[in-house]
Each structure stands twice: as C-alpha cells, then as structure tokens.
Amino acid sequence: MQKVFANATEALDGLLEDGMLIAAGGFGLCGIPELLLDAIKAAGTKDLTFASNNAGVDDFGIGILLQTKQVKKMMSSYVGENAEFMRQYLSGELELEFNPQGTLAERMRAGGAGIPGFYTQTGVGTVIAEGKDVKSWNGKDYILEEGIFADLSIVKAWKADETGNAIFRKTARNFNVPAAKCGKVCVLEVEEIVPTGSLDPDAIHLPGIYVNRIIQGDHEKRIEQRTTRPREEA
Amino acid sequence: MAWDRNQMAARAAQELEDGMYVNLGIGIPTLVANYVGDKDITLQSENGMLGMGPFPIEGDEDADLINAGKQTITELDRTAYFDSAESFAMIRGGKIAAAILGAMEVAENGDLANWMIPGKLVKGMGGAMDLVAGVGRVIVVMDHANKHGESKLLKECTLPLTGKGVVDRIITNFGVLDVVEGGLKIVEVADGVTEDELRAATEATIVN
Amino acid sequence: MAWDRNQMAARAAQELEDGMYVNLGIGIPTLVANYVGDKDITLQSENGMLGMGPFPIEGDEDADLINAGKQTITELDRTAYFDSAESFAMIRGGKIAAAILGAMEVAENGDLANWMIPGKLVKGMGGAMDLVAGVGRVIVVMDHANKHGESKLLKECTLPLTGKGVVDRIITNFGVLDVVEGGLKIVEVADGVTEDELRAATEATIVN
Amino acid sequence: MQKVFANATEALDGLLEDGMLIAAGGFGLCGIPELLLDAIKAAGTKDLTFASNNAGVDDFGIGILLQTKQVKKMMSSYVGENAEFMRQYLSGELELEFNPQGTLAERMRAGGAGIPGFYTQTGVGTVIAEGKDVKSWNGKDYILEEGIFADLSIVKAWKADETGNAIFRKTARNFNVPAAKCGKVCVLEVEEIVPTGSLDPDAIHLPGIYVNRIIQGDHEKRIEQRTTRPREEA
C-alpha cells in the first residue's frame, strides 16, 4: 500500500470537493500544513469550511485561502491576527463559528474516536451554551458538544515513516493530532520521510492507521512573534 | 500610590505554592513568572507544553516552540509536550492548580468577561473559557478601573461572559479581593491606598 | 468434506485487501494471519499495538509485549504502541477496516452473540462489543453447527448479544454467507458441500 | 515539591480509605502496579472498588486482594483468569460491573479530562445499554456512558523522572495512561527513576502533572501465556 506521494497536488488528487469540511492542524503559524494549503489554493476548491484553531495571517496559513475567497466558514477559537478575515466576516462574506479552544480540540478528538457527543462545563452560562443540550451531574450543569467528522484532514508533522507513523517536534504537535484523526481521509506533510523501522515504536505520536497519504517538502515555518532575551543575559 | 503592573504581578505570585502547575494569561499575568522566586512552579502553555521556559536568547528562536501568545519561548529540563486535546483534557480535568488571567470585567458573583466587546473586532475566546471552567483556582489580575475611571468590579457584567461564577480572587492596583457569598471581600489593600478609596472605586458589593 | 479450521482461515484471509488495518479475534481468526501471503496487512492488537508480529523465538519472550489474548508476541518495523483509550478510539472511530471474530450465534439480521452463556461462568466481553460497533466490516468465522449438531446461524439469537445487526459476512465450514435484506445470502459453498446441504444445516432464512 | 517516596507503603500513606474507588492500570498481568497492590494488601484497606480491565490471577495482580476479601466491587471488561473471583462472584460476595473494554478505557480518559458523559455506539442493543440514556445522530442510536472519577490511581510505568514525567514500554502502556488521569491522586511505580531532563520531552507518555507520588522498585513482570516459535524457525 503506497502512501507516499510526490507532492501536495498529487496527494490531494481526487480528494478535494467544493463545499467540503476540512480539519487543519496548527496553532497560530506553528505546525501548519503549509504545502497542502498552497495546493488547495492552486486547486481553487471553493466554499470550504475549515475546522482550525486559527485562520493564519493575511499571507500565510489559511489566510491565503481567504484572499482567494475559497473559504465559506471557519470553526475556530481565535482569529485575531488576520485583517482580511475581519473584513470578510464583518461584510457577511464569511461565516464564523467560535469554539472554545479546548472544546474544538476535544470535538476533533471525539470525531476521530467515534464519539458523536460529549458533555463539558466549558462555556456554561456563556453565549457558547446557547441552543445546546444541558445535563447536570452533582448539581453542576454541562453542555453537549458534538464530535467533528471532517471530509478531509490536512496536517503537518516533523517526520513520518512510509506507513504513516508520525512524530512531531515540540509545540508544533498542537492541533495536528486531533485534526488528523477526525477526517475521512488524512493527508500528512512532513519535513522528512524516514525508512519504516527507523522511528521508535514507543514514541509514535500519530500511528500510521490515521494517515492515508504522505508528502515530504521544504517548510518556511514562519515565526509570528519573535520574542527573545539579549545574549548577555545567558 | 497604588500598585504598578510589576507590583500586581509580584502580589499574584504570592498566590502560588510549591509544586503547583499554573497557567498564565497574556499581559500582566505573564509578568508573574518573574516573581515566583525559589518556588517550584511549573507553567503550562495550553498549546501543548508543561514546563515553559523564558524567551530564547537572540538567535535561538525555534518556530516549533511557541507559547499560547504565539511568542517564541524555551524548554526546561522538566518539559513535556503534548497535543491540544491532551492539553485541554488536563485543563478541563482540573489538573491545573491555578490560572492567572486578565479581565475586562468581574462581577461580585464571580462572573468573568474577558474575551469580547460587542461592536468591536471579535478575535475569539481562545482557551480562556476552558481555563476558567477547568482549573482549580481562577485569579484575575487587572486594573481596578477602566480608562474612563469606571470600576471593572461590577454588580453584574455588561460584556459577554467568559465564565459564570468562576473567579476566586481578584488582584488589582488597589488591592486584593475574594469572591464570597454575597459579594467581594477585601483581603488586602495596596500600599498607598486606603480601604475607603478601594471601596469608593468599587461598584460591586463589598461584604465584611 | 467441508472446510477444516485452516481452510476457513485461508478463506477468511481472502477477505483482506492490501493496506488494510485488521483486528483478529482469538481461535480460528488468529490463524488467518498465516494466510495473508504477500498482502500488506497491518494487525491491530486492542491492548495497544498496530503491527503485531508472530510469537517470539523461544527465550525471547518479553513480559511487556503481549497481544489481547495475553500471549507473548513480537513487533515489526512498522509497529506503533499506544494506550488503551487511544486503541479503542481508533476502533470506535472506524479506522480498523475489518475484524475477523469467532461467534457462538449469528442471526439472519446480523445480530452477533459471542461473549456470554447465561448460567455458565461469565468472563466478560473484553473488547468484542467495541470492535463490532466500530470497525468497517465484521467477518465471523465459526463452525456452522454447535456440538449438538444445531445450526449456529439462527433466525434470532438466543444468547445475550455482543452487537445488534453488526455482522457483514459469515465464513463457516460449510461456506460463505452475507447478511442482506431479509436474511442470509449464500456467497460460496465449501468444497465437498452441496448448496442443499448448506441450506439444510442452516436455521436462518436464506434469500436469493 | 518532592514526589519521590522510598517505597509503596510510604507512597500510599494517608491515601487509603475503606470503600474508596481505585483506578488501576494494566492489561492481564502486563504493566500492573505490582508493588502498590502488595502495599494495599499489607494495609488491609477494605470494601474497595476497582476500575481495572482485569482482576489478575489468583496469586498475582488484583487477585491477591480478592484472596484477602478487600475488594467489594470490580468494574472490568474481562475477568476470566481468576477462580477465586468466580467463587466470590457466584456466592454474591463480590459485585461486578462489566464494561466493554473500550468504554472502560474511554470512561477513565473522560474522567481525567473533566468529561462527565459521552455517547458511544458500543453496546447499543445489548445488556450494556440497559437503563442508559439514548440519543440519535444520523439515524443511529448511541448510549450515554459516564466518566470515571476515581479517588486514587495506581499505575506502573517503565521510567519516570523526578517530576513524574513517565514513559512506558511496548504494550505495558495499556490502561496505565487513562487510569493515571482519572484519579484525584495518582501514585506511580516504575522500574527506574531517572534524573529530570533525561527523558525526551517529545516522547513523554504521561506528563508529570498527572503524577503525585512516585516509587521505584523491582518488578516480577509475570507472563500469563508464554507463546513461542521454535528457535530453528528463525
């Protein structure tokens, strides 16, 4: 079973459809599937809904698909870094469904785990609870949140073997793991494909069963907020 | 008169005890890390890390290592990384002893508003709703009044809530107050502030 | 006449396609692994492993490496380990293409009973209920009749169910049957068995 | 904050109470908290409820606490290897709540994640569904299962650092991770405590935040079914 594809365009061949729901990994610009987003832009697929914690910036991340107006709706927790996003949202061109960050992560995890709904205290008494089922345990209210079942997952890891077993590096893991699990099909981009057997089987973050197609490529890995200490402090 | 940002952060740091796992919000809460001293505190960053270290030395920035404010940071010898679902599992599950957060408004019943001003640009709640619902203790650090001089400690919040009845303690430039039955209770008054000044600056009911 | 255990296992192995992730139950299903040939099949063991290898060479047993039947096994170059919550997340989430399981009874509507005989010692369902509820395709491999010669393919199950309407295909010593609208459909008759013999040995409704 | 204790008895000091609910890791006899079970036997704590996939064998694992009649109730998925268990169960001395294995694992994971209830298709139409809330999504029924919130977690890892960051070896990970997370207090036994900083921070299976107390000791690691191939096959 060949999972390795030559490039992002080939890896997405036959998988893109107007109006589909895509779960994307990444937090801010950290660990985002840069190459797959570029290929979706090139493919011109329209009316996309993205389940993604953030919406990128104007010229990087999902922001590049906002500029081409390929996105109909975002399911996100924080979209503050993106002027084009705000313009489209305020003009009514773009739908927005805010999710508390942990609820969004858990909804993806639940979808991947075959769990259509779960109860959480997050958002009780806020606008997030409006219209949602409520149930009490020990006198406390919890709201019902639903699993996200995406048509496609696009995620980015550090390394993967040819069977799709993948590892992430530092905080670039973030939403990539739950996003990968909740799609009918998952396409993974990595910095390096390594021979099967070269990753420690005890240290796999995303088992290959979740990964349908893999590509390798160069990543820009842009830094959003470069904060440092002066060298003399060291 | 009154505490400055750093004094508020230093006062907030006194809330932390040896062995605690803590989440710090952006703004003044971030400064709390500078005042923990010898205490064995482990900072969680909700994008997927326990054991957050300081900013990197210039030139050592790593695009794969950021905090929840998207700033480049470093790791420590105790650091563990995990994914976002796991990160909020530990937050929702009550494993984080305390969160220290900023606020726009706090009500006397512990309601907190810190994510949205209707009519202004809406950025989103990020992880704030999960934090206030899940952590053991919610400590708010904020100015006592807004820029118009109006109290931010209210009888009722006017802005959309982040959480209902979630705040335990409020640290402002005027002092420290706890959310108790019936209203707020003064725990401590800031240097150079009188209790009367604190009461006068507070819309929320103050109980004894 | 009719298939033996190994022939049933070999027939079940024909159900598997390149690239599939598969869970094999204990008994005859375990033998299926011997007949996959060149096909690129990855075996899941629900106690926390993908890429299950054969039994270890004598002396190489590792107490930390067992399958769901508690037998010592080995790993392969593609192996990944994970915890039980993650293991059943992938099962419940439909990531396992097929499970090949034994059964005490199968009904013509796809009901499966394979975990409990009331009045006898009760051992528990283990992971069987999760598997039949979650995997893409449930293939049952079992003898056509019980030791009293009675059909195990029934109009209705008499034993407590493992899952309702979950079975897709049944492979017995007499042949292969699919669960379809209205009953079971004969897909294949075993060597040395006639279709009439298969029908006569089956209590469940057979549809054309 | 000192998490390392000298031995299992000291690590459990002040934590044991008659009638408590204990979540225990392990699958069969693989990865079970041997040392902590011995210490609970020595402590003589009574009327215990265990959330544990299995009940051990007569003289190892939770079986040793069945012999001393310290266990009131088991929440398990498979208890077939234990004659004393069956004797007590059939005589009505021992309560038993069967959980499908994945439901048990998810209930522990949910408890640790602050999720009091979730919906699953597992067990629909079976005895497991009796008395449980049902909800439908897309025409399919799902039953409500509840998170397990244990008083104490006892688990076994391979190595941990002094802050409790732990790693497991091969299939000994099993229920140890979800069991560790669902207790108010978690005591961890390991084969080796290593200096903080010596584990790869990308490869931690159980972050130290979940671990309150740690002990190191020698483990028997008994094998339940020794299955092998002859050496000449190699």
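Before moving on, here are some points about what is shown:
Letters A, B, C and D name the chains as they come in the text, with residue numbers starting at 1 for each one.
The definition used in the following text is that a residue touches a chain if its C-beta (ideal position, glycine included) is under 8 Å from a C-beta of that chain, and two chains touch if they have at least 3 such contacts.
Heads up on the chains, UniProt names are A, D = Putative succinyl-CoA:3-ketoacid coenzyme A transferase subunit A; B, C = Putative succinyl-CoA:3-ketoacid coenzyme A transferase subunit B.
Source: prediction; values computed, not measured.
Shared contacts of subunit A and subunit C, meaning chains that touch the two of them, come down to D.
Among the other chains, C has the CA centre that is most remote from the centre of subunit B.
Centroids built from CA atoms put subunit C at 54 Å from subunit B.
A separation of 27 Å divides the Cα centre of subunit A from that of subunit B. Centre-to-centre, using mean CA coordinates, subunit B is 35 Å away from subunit D. Each of the following residues of subunit A touches two or more other chains: 106, 109, 113-115, 120-121, 168-170, 173, 201-202, 205. Annotation for subunit B: residues touching 2 or more other chains are 75, 81-82, 88-89, 91-92, 134. The touch graph of the protein chains shown belongs to none of the named shapes. Interchain contacts (touch definition given at top) occur between A-B, A-C, A-D, B-D, C-D. Against subunit D, the residues of subunit B that register as touching in their complex are 18-19, 21, 40, 42, 44, 50-51, 75, 77-82, 88-96, 134. Against subunit C, in their complex, subunit A makes its touches with residues 1, 109, 111-115, 161, 163, 165, 181, 196-197, 201-202, 204, 207-210. Chain contact summary for the complex, subunit A toward subunit B: residues 27-31, 53, 76-81, 86, 89, 96, 98, 100-103, 105-106, 108-109, 120-128, 158, 168-178, 205, 221-231, 233-234.
Looking at the complex, you find that subunit C touches subunit D at residues 45-49, 54-73, 75, 81-85, 87-89, 91-92, 111, 121-130, 133-134, 160-165. Residue ranges of subunit A in contact with subunit D, taken from their complex: 106, 110, 113-121, 135, 137, 142, 146, 167-170, 173, 200-203, 205.
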